[in-house]
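This report refers to the structure that appears directly beneath it.
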Amino acid sequence: MLAEIKGLNEECGVFAVWGHKDAAQITYYGLHSLQHRGQEGAGIVVTDGENLTAHKGLGLVNEVFASKDFETLYGKAAIGHVRYATAGGGGIANVQPLLFRSQTSSLAIAHNGNLVNANQLKHQLESMGSIFQSTSDTEVLAHLIKRSTYPRLEDKMMNSLTMIKGAYAFVVLTEDKLMVALDPNGLRPLSLGKLGDAYVVASETCAFDVVGAKFEREVKPGEIIVIDDEGIRSEVFAQSSGRAICSMEYIYFARPDSNVDEINVHKARKNLGKQLALQAPIEADVVTGVPDSSISAAIGYAEQTGIPYELGLIKNRYVGRTFIQPSQELREQGVKMKLSAVRGVVEGKRVVMIDDSIVRGTTSRRIVRMLREAGATEVHVRISSPPITNPCFYGIDTSTKEELIASSHSIEEMREMMGADSLEFLSVEGMLEGIGRSNEDTNCGQCVACFTGSYPTEIYPHTMHPHDKC
Amino acid sequence: MLAEIKGLNEECGVFAVWGHKDAAQITYYGLHSLQHRGQEGAGIVVTDGENLTAHKGLGLVNEVFASKDFETLYGKAAIGHVRYATAGGGGIANVQPLLFRSQTSSLAIAHNGNLVNANQLKHQLESMGSIFQSTSDTEVLAHLIKRSTYPRLEDKMMNSLTMIKGAYAFVVLTEDKLMVALDPNGLRPLSLGKLGDAYVVASETCAFDVVGAKFEREVKPGEIIVIDDEGIRSEVFAQSSGRAICSMEYIYFARPDSNVDEINVHKARKNLGKQLALQAPIEADVVTGVPDSSISAAIGYAEQTGIPYELGLIKNRYVGRTFIQPSQELREQGVKMKLSAVRGVVEGKRVVMIDDSIVRGTTSRRIVRMLREAGATEVHVRISSPPITNPCFYGIDTSTKEELIASSHSIEEMREMMGADSLEFLSVEGMLEGIGRSNEDTNCGQCVACFTGSYPTEIYPHTMHPHDKC
Amino acid sequence: MLAEIKGLNEECGVFAVWGHKDAAQITYYGLHSLQHRGQEGAGIVVTDGENLTAHKGLGLVNEVFASKDFETLYGKAAIGHVRYATAGGGGIANVQPLLFRSQTSSLAIAHNGNLVNANQLKHQLESMGSIFQSTSDTEVLAHLIKRSTYPRLEDKMMNSLTMIKGAYAFVVLTEDKLMVALDPNGLRPLSLGKLGDAYVVASETCAFDVVGAKFEREVKPGEIIVIDDEGIRSEVFAQSSGRAICSMEYIYFARPDSNVDEINVHKARKNLGKQLALQAPIEADVVTGVPDSSISAAIGYAEQTGIPYELGLIKNRYVGRTFIQPSQELREQGVKMKLSAVRGVVEGKRVVMIDDSIVRGTTSRRIVRMLREAGATEVHVRISSPPITNPCFYGIDTSTKEELIASSHSIEEMREMMGADSLEFLSVEGMLEGIGRSNEDTNCGQCVACFTGSYPTEIYPHTMHPHDKC
Amino acid sequence: MLAEIKGLNEECGVFAVWGHKDAAQITYYGLHSLQHRGQEGAGIVVTDGENLTAHKGLGLVNEVFASKDFETLYGKAAIGHVRYATAGGGGIANVQPLLFRSQTSSLAIAHNGNLVNANQLKHQLESMGSIFQSTSDTEVLAHLIKRSTYPRLEDKMMNSLTMIKGAYAFVVLTEDKLMVALDPNGLRPLSLGKLGDAYVVASETCAFDVVGAKFEREVKPGEIIVIDDEGIRSEVFAQSSGRAICSMEYIYFARPDSNVDEINVHKARKNLGKQLALQAPIEADVVTGVPDSSISAAIGYAEQTGIPYELGLIKNRYVGRTFIQPSQELREQGVKMKLSAVRGVVEGKRVVMIDDSIVRGTTSRRIVRMLREAGATEVHVRISSPPITNPCFYGIDTSTKEELIASSHSIEEMREMMGADSLEFLSVEGMLEGIGRSNEDTNCGQCVACFTGSYPTEIYPHTMHPHDKC
C-alpha cells in the first residue's frame, strides 16, 4: 500500500475567485495561464451560495473543459487546480479540487505543495475510523477539519493547519466561504488580486494579467484569508519564522511574465544569466539557451558578455502527450524530436549553451551532442543555478538524492559525462544576488535546501523514504 | 457547389522516403517537424512493393497516429502530408495523401501549393466522364495521369504536369515508384536528402535534421525526380523561366532551423531585423518580438541598434484547438489568452515591437494596446517585411485584396488604427537584401507578388474569385 | 443535499467467485448474464491475495470492459456488480463495487437491495467524523466495519449488519477473504454454486449456466458465508423471521432461464398466465404478450384457453441508450420506435394483450392504441400480477404512491384510461398459487408489500420521503 | 487488389422519403427499423433542393447519428442505408449512400443487393479513365450515369440499368429528384408508401409502421419510379421475366412484422412451422425455437402438433460488437454467452428444436449439446427450410459451396454431426406452400437458387470466385 500513499502533491497551481458572476470561466482562464505548473489533470469547483458543483478530469485544461461544462458551473465563487504529472499517478481520484460532501455541508480543497507529515496524520486518522478516498496528502486537511470541534469553520481550518507540516498554498471553498492559507515558511508562491470588486488568488501573477485582474499583495507566510459575503478578513494562524520561498520558482518553474513575491521572473532569470557571465565568462561566437526556461538567462549572458544571442536550439511545439517516441534503433539512426540544433546557426561556431539547472544530466549530454553534430566546434555549458545536491520535500520533483548527478559527481566529472568543452555553475551567492531579494531573512528569504541540504522545516523518516517522484 | 471546389491546397507540408525499412515511422517524425505547416489533418501512405496502405485523419500528427497504426503501415517507401486548417474544410475527404486504387494499380499523391487552373481542368475532366471524390485541386493530377495514354508512368506524370499551372511540390507514390516534382517557378520549397542509403524529400530541411538525414540538394524548378528499385533519375519536364520562391517562407512561414533554398531561416530573419534597424531606427529602451515568428527579427533589430532585447510578450503554449474563447463581455473585462505582455519588462519603458508582417492589422492593434496597458510609455511598431497589398494564389493564406489592410490604407492611417507611436515597414529592396540570395534571377529568385502585384504565372478569372482561404 | 443522499441501491446484480485462476473473466461473463438487472454501470474488483485491483465504468458490461483491462485484473477471486439506471445518478462515484483502501488493508463491497435506515446511520457516522465519498447507501457498511472494534473481519461484518435494516445481498472482498450476506428477510435472491473447485455466488442462477457452474443452494436469510484459503464457513448473524422474497423477481425482473429460490422463472410466469386465464377468460382470436417479460405469461394464457399465441407485438432490439427520441410532432405523426404492432397478425382480430404489471399505465395505453391502429377489433388487457398500490423500499423502482395508478383508480377507471375493451388483474392468491412456492411462511415466503402495503421490515420517515427513483 | 473489389453489397436495407420537412429524421427512424438488415454502417443523404448533405459512419444507426447531426441534415427529401457487416470491410469508404459531387450536380446512391457483372463493368470503365473511390459495386452505377449521353437524368439512369445484371433495389437522390429502381427479377424486396403527402420507400414495410406511413404498393420488377416537384411517375426500364424474390427474406432475414411482397413474415414462418409439423412430426414433450428468427416457426410447429411451446432457449440481448469472447479454455469449462438453454424447461424432457436454416451446421451442433447438458433426454432438430446446397450471388451471405454443409453431406450424416436424435428439413414444395404465394410464376415467384442451384440470372466466372462474404 505504501506506494500509493506517498509522493503526491508535487508542483501544481491553484486559482480562486470570489464575487464574480462568471467565476468558473474566470477560473478556467486563470488555470490556463498556470498550465505550465501541471498538465496531468485539472478541475474547478464553483458555488452558487447553496451548492458546490465540480468538474474535473485528466489532461490539459482545454481537454478537461468544454463549453457546455460551464452551463452547470454556475456561481459567484470558484476554486481551481492544475496537477503535475506524476509517475504513480493515482488517476482521476487524485485530481483536485477534492470535494467532500456531507449531509450538512460541503468542502472543496485545492493544494499546491507537499505535506511532510501526511503519512503520520493518515495513520492516526485511520485508526480513529476515517476512510480516505484518494492517495493525496491534501485529503488529510478535510479529515482534520471534519473532526475539529471548533464551531466556526475558519477556526476548524486554523486548528487543522497547526497539525500540518510542510509546504502548502491552500484554497478552500464551501457553499458560502473562500479560505486561503499559506504555510508558515511561505515555501510556495501565492498572490492576492482584485478584478473589479471581486477577489482573485493565484499561484502566479500571470493569471491576474490573463483575467484582467490587478495585483494587490502577496499572501503572507502563516496567514489565512477568509472571504465571504461579509467581506475579507485576514488572520495569522502561525507565527512565521521567516520566508523561505522556493528558489526553483525563479530558476525554472514560474512563467517569465509572472512576478514571484514581487520580483519579475524574466528579469530575475536575465540577471542570473548576467551573474553567470560575471562568474564564468568564456570566449565564444554564439550564446544559445535551452528553450523555453533558459532563454532569459541566455539573453542576460549574451548582453553581459557581448557575444551575440542566437536561436541555436529549437523546441518542437507539437510534441504532445500522445506523441510516439522513436524506437531505440531509430534514435540511434538520428531520429530526435523535442529539440533540434540549428545547423545554420551553430555550424563552425564556438557555442555557449545556457541551461537553467541540471538534475540527472542526461538531457544536457544529449543537447551537447546535438550541437556538435550540427557543427559546433566548441560547446561550453553554463548553468544559471547552483548544483542540485539534495532532494526536495516541498513539491518540486527533483528525484531522490541518488538520481541527482551533482550529489555524487564533481563538476569535472559531470563535464566529461556531458562531453562539454567546459562546464560552470552559478554559486548560491550569485543566485541570491541575481534574483535580488533585498530581504533580511536567511538566504534573502529563499529556500535553498536543494543546493545546501539545509531544510526550513522538519523532515520525518517516512518523508525521507526515496520515491519516484517527490 | 462553388464554395466547395475552390480554395484548397493552402500552405501545407510534404515528406517522402524511399528505401528505408521503417519508412512510415520516418515519415511520421518528418511530418511532425513540418507540423507548423498544417494542423488540420495528416496522413501517410506506405508501399511494401505490392500494396499501398494508408492512414490519415483530422488533427495534429500525434492525434492522427497511434503506435498500433504502424503495425499495418509496413513497407520500404512512404509519402506523407500535413494539411493547413481552412475554414470550409472539406473534412477527411480532403486530407492527403489522396489515394486512388484501380483494378490494376494504385496511386497516392501529396501536394503543397495551389493550382491556378484547377477549376478549368476539372470542368473538362468531368465533361469527359470523370467523377471527383474530393474538393481538392490535387485530385486533378490523378485524373490527368489516369487518362494519359503514355505507357510509362513517369511519362504520364510529365504529360499531366504540362497541363497544370500554379504552385506545386508533388510527391507521388505507387506500389513500386516514388515521383517528386516541383513547379517551373519553384514557388514552393522542396529539398532532397539522404538517410543512409535511403532517399528523403521534404518541404523543409528541419525534417532532415529530425530524422537524422543529410541534405543533398534542392529539387529544381521544372524538375521531376523518379526513385525506384533501379535507382534515382532526374528529368526536366518544363524549362524554368527562373525561380520565384515564396518570400513568405523566409518571413514567417518556415521553421527558423530550416534552410530554404540553402539559406537558414533564423539568419535570414535576423538579417531582416538588421535591415529594418538600418531603415527605421528609433530611440527606445526595449526591443521585443511577437512570438514565435518575429523573435529572430527582434534579436537582429536589437543587435543592430544596441537596444536590449527582452521577452516583453509571452505566448501561452497551451492554447489548443479546443480552447474555449472568452465571451465578448469577458474580453472587455480584460480576459486575454494567447499572448500576454510582461508588465515587469515593459512598465515605464519605450518599447520597439517587431512583427513579421501585417495582414488585417487587427492583431497588431491588440498587441499595441496590451503593451500600453502593461505600462509601456511608447510603442513603436516595426514590420520586418513590406506591406502586403495583393492576395496570394499559390498557397499562402493572405485573404482577399479587400481584407489586406495595406491595400487600401496609408502607413499613417495604419499607425493611427493600431494606436502606435510610430510604424515602419521594411522595403522590398531591404527584404531582398536581408534574405541575401545572390541569385541573378528577377527579385533574387523570389516571388514578391503579394507586395508588388506582379505574379510569376498567369492568373485566371476563376482563380481570382475571392474566397475565405487561399 | 438531500437529493443526493437518497434513493440509491435500486435493483442491481451481484456476482462473486473464489478460487478460479480466471476470476475476473468469470465475473465478466457472470455480470453479462445479469445485465438485465442494471445497465447504468458495471465494475469488477479482483484480488491476487495481496492487492485489490478495480475496474469500473458507466455503461453496459461490454462497454465498460475491453480485453486489455483483464491484463491487470489478475487474481484468484473477484466480485462484480451491475447497476440500475437511476435518474439522479451520482455518476461514476456510485458505480460498484465500492473500493476502500487504508494504509493497512482494503475492502470492496457490492450490494443489491436498499437499506431503509441508511440516512439515519450516515447522520450518526458523519457526526463522529466520517467522510463519505459516494451518495450510495452501500458505503455505510464500509464505515461501520471500519469503526467496529472486533478484531476478526467477519465479526466486524456481522456486528455491522446488526445495525443495518432493509434489503441486501452483499458480496464483500478483501485481499484474502470473500464474505457473502443476505438480509434476514431474504428480500433479494442470492445463490451459491460451484465451478470445479471454485465457489461462485450470483443474484440469479442464469449466471451459473453461463459460466458453466453448478447450482449448490440458496444463500439463507440472515446467513453470512465466509470463503478464504481455509475453506467455506457459514454463520447466522440474524435469526430470520421467515423469508419474504420479492414477488417482482418472478413477475418481471429475473431472466426466464433463472431459478429464483429454486423455482424456474419462465415456468412461474407461464403458470401466472394460466392462473390468469382461469380467473379472467375472454373470447378472442389471438393472444399476444408485451415483449420481453410478458411472453411466458402469454404462452401460458394461450395454452390454457386454446386461443392461438402470436407475435402481435415486436420489440426493436436496437433501441440503445443513445437512440434519438422522436420529437412530439413526429410522435404525433405516428413515429414510434421501441415497440411495433404486427398488422399482419392483429388486423381484424380480437386480441388478448398480456402484460406483466402496470405501474403508471401510460405504456399500456400506448400499446392498446397501437394495436387498434394496426387493425385489432377488440383489445382485452390481462395483467399477470395484482394491482401495485404501494411503493417499494427494497430496491425495485416502482415510483411513489402518487405515481402508481392503481393506488388511486378503480380497475374500470384504468380500463377507460387505457382504452381497452376489458381489463383484468391476477389476484394476490392467484399469483401465489401460480408461482407455486410450497413454503409455509406468510404469503408463501414472498414479499407482497407493493400489492398489500404490508412491509416485512420497519420503514422510517426519511425512507418514506418520495423520490424519483427507489 | 482482387480482395478489395469483390463481395460487397451483401444484404442491406434502404429507405427513402420525398416531400417531408423532417426528411432526415424520418429516414433515421426508418433505418432504425431496418437495423437487422445491416449493422456495420449507416448513412443518410438529404437534399434541401439545392445541395446534398451527407452524414454516415461505421456502427449502428444510433451510434452513427447524434441529435446535433440533424441540425445540418436539413431538407425535404432523403435516402438512407444500413450496411451488412462484412469481413474484408472496406471501412467507411464503402458505407452508403455513396455521394458523388461534380461542378454541376450531385448524386447519392444507396443499394440493396449484389451486381453479378460489377467487375466486368469496372474493368471497362477504368480503361476509359474512370477512377473509383470505393470497392463497392454500387459505384459502377454512378460512373455509368456520369458517362451516359442522354440529356435527362432518368434516361441516363434507365440507360445505365440496362448494362447492370444481378440483384438490386436502388434509391438515388439528386438535388431535385428521387429515383427508385428494382431489378427485373425483383430479387430484393422494395415497397412504396405514403406518409401524409410525402412518399416513402423501404426495403421492408416495418419501416412504414415505425414512421406512421401507409403501405401503397410493391415496387415492380424492372420498374423505375421517379419523384420530384412535378409528382410521381413510373416507367418500365426492363421487361420482367417474372418475379424471383429471395426466399430467405421470408425464412430468416426480414422482420416478423414486415410484409414482404404483401405476405406477413411472422405468418409465413408460422406456416412453415406447420408444414414442417405435417411433413416431419415427432413425439415429444416440448417445442422450442432458436431465438429470434425461429420463434414463429416453433409456435406454428407447436400449434400444429399440440406439443406445448416453451422458452427452452434464451438469447442474451446484450451481446454487442465489443463483447469479449471467452478463450478456448474458458469455453471448454462451459462459459457460453449468446444463448442459454433453460434447464427448468428442458430437464428430463424430449425436446423438438426448431431452427430456420442450416449453413455450416456448427451452431446447431452447439445448441443440441447445450440442450442435452441442460437435461433434455431427446433432441429432435427440425429445420423450417430446405437444405442450402448452393451459394447466393444476390446479396445473402451464405458462404461458398464448400462451406455449405448440406452441399456435401446427407441428412443422416448431418444428424450424426449435430448429435441430434433426429433431423428433418422442410421440402422446397413445403416451403413454397407454407409461404403461400398464389403467384403463377416459376416457384411461386420466389428465388430458390440456394436450394436448387437454378439461378434466375446469368452468373459469370468472376462472380463465381469464392469469397469470404457474399
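Chains: A, B, C and D, in written order; residue numbering restarts at 1 for each.
In this section, a contact is a pair of C-beta atoms (placed from the backbone, for glycine too) under 8 Å apart; a residue touches a chain by one contact, two chains touch by 3 or more.
Because the structure is a prediction, the values reported are computed rather than measured.
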Furthest chain, CA centroid comparison against chain B: C
Intercentroid distance (Cα basis), chain B paired with chain A, Å: 37
Separation of mean Cα positions, chain D and chain B [Å, integer]: 50
Multi-partner residues of chain C (at least 2 other chains): none
Pairs of chains, among all present, that meet the touch criterion: A-B, A-C, B-D, C-D
In the complex, chain B residues that touch chain D: 1, 4-5, 100-104, 106, 119, 122-123, 126, 128-133, 135, 142-143, 146-147
Chain A contact footprint on chain B (complex, rising order): 22, 25-26, 28-29, 32-33, 35-36, 60-63, 65-67, 70, 195-196, 206, 209-213, 255-257, 259, 263-267, 270, 292, 295-296, 299, 303, 308-311, 314, 316-320, 322-324, 326-327, 329-330, 333-337, 340-345, 374
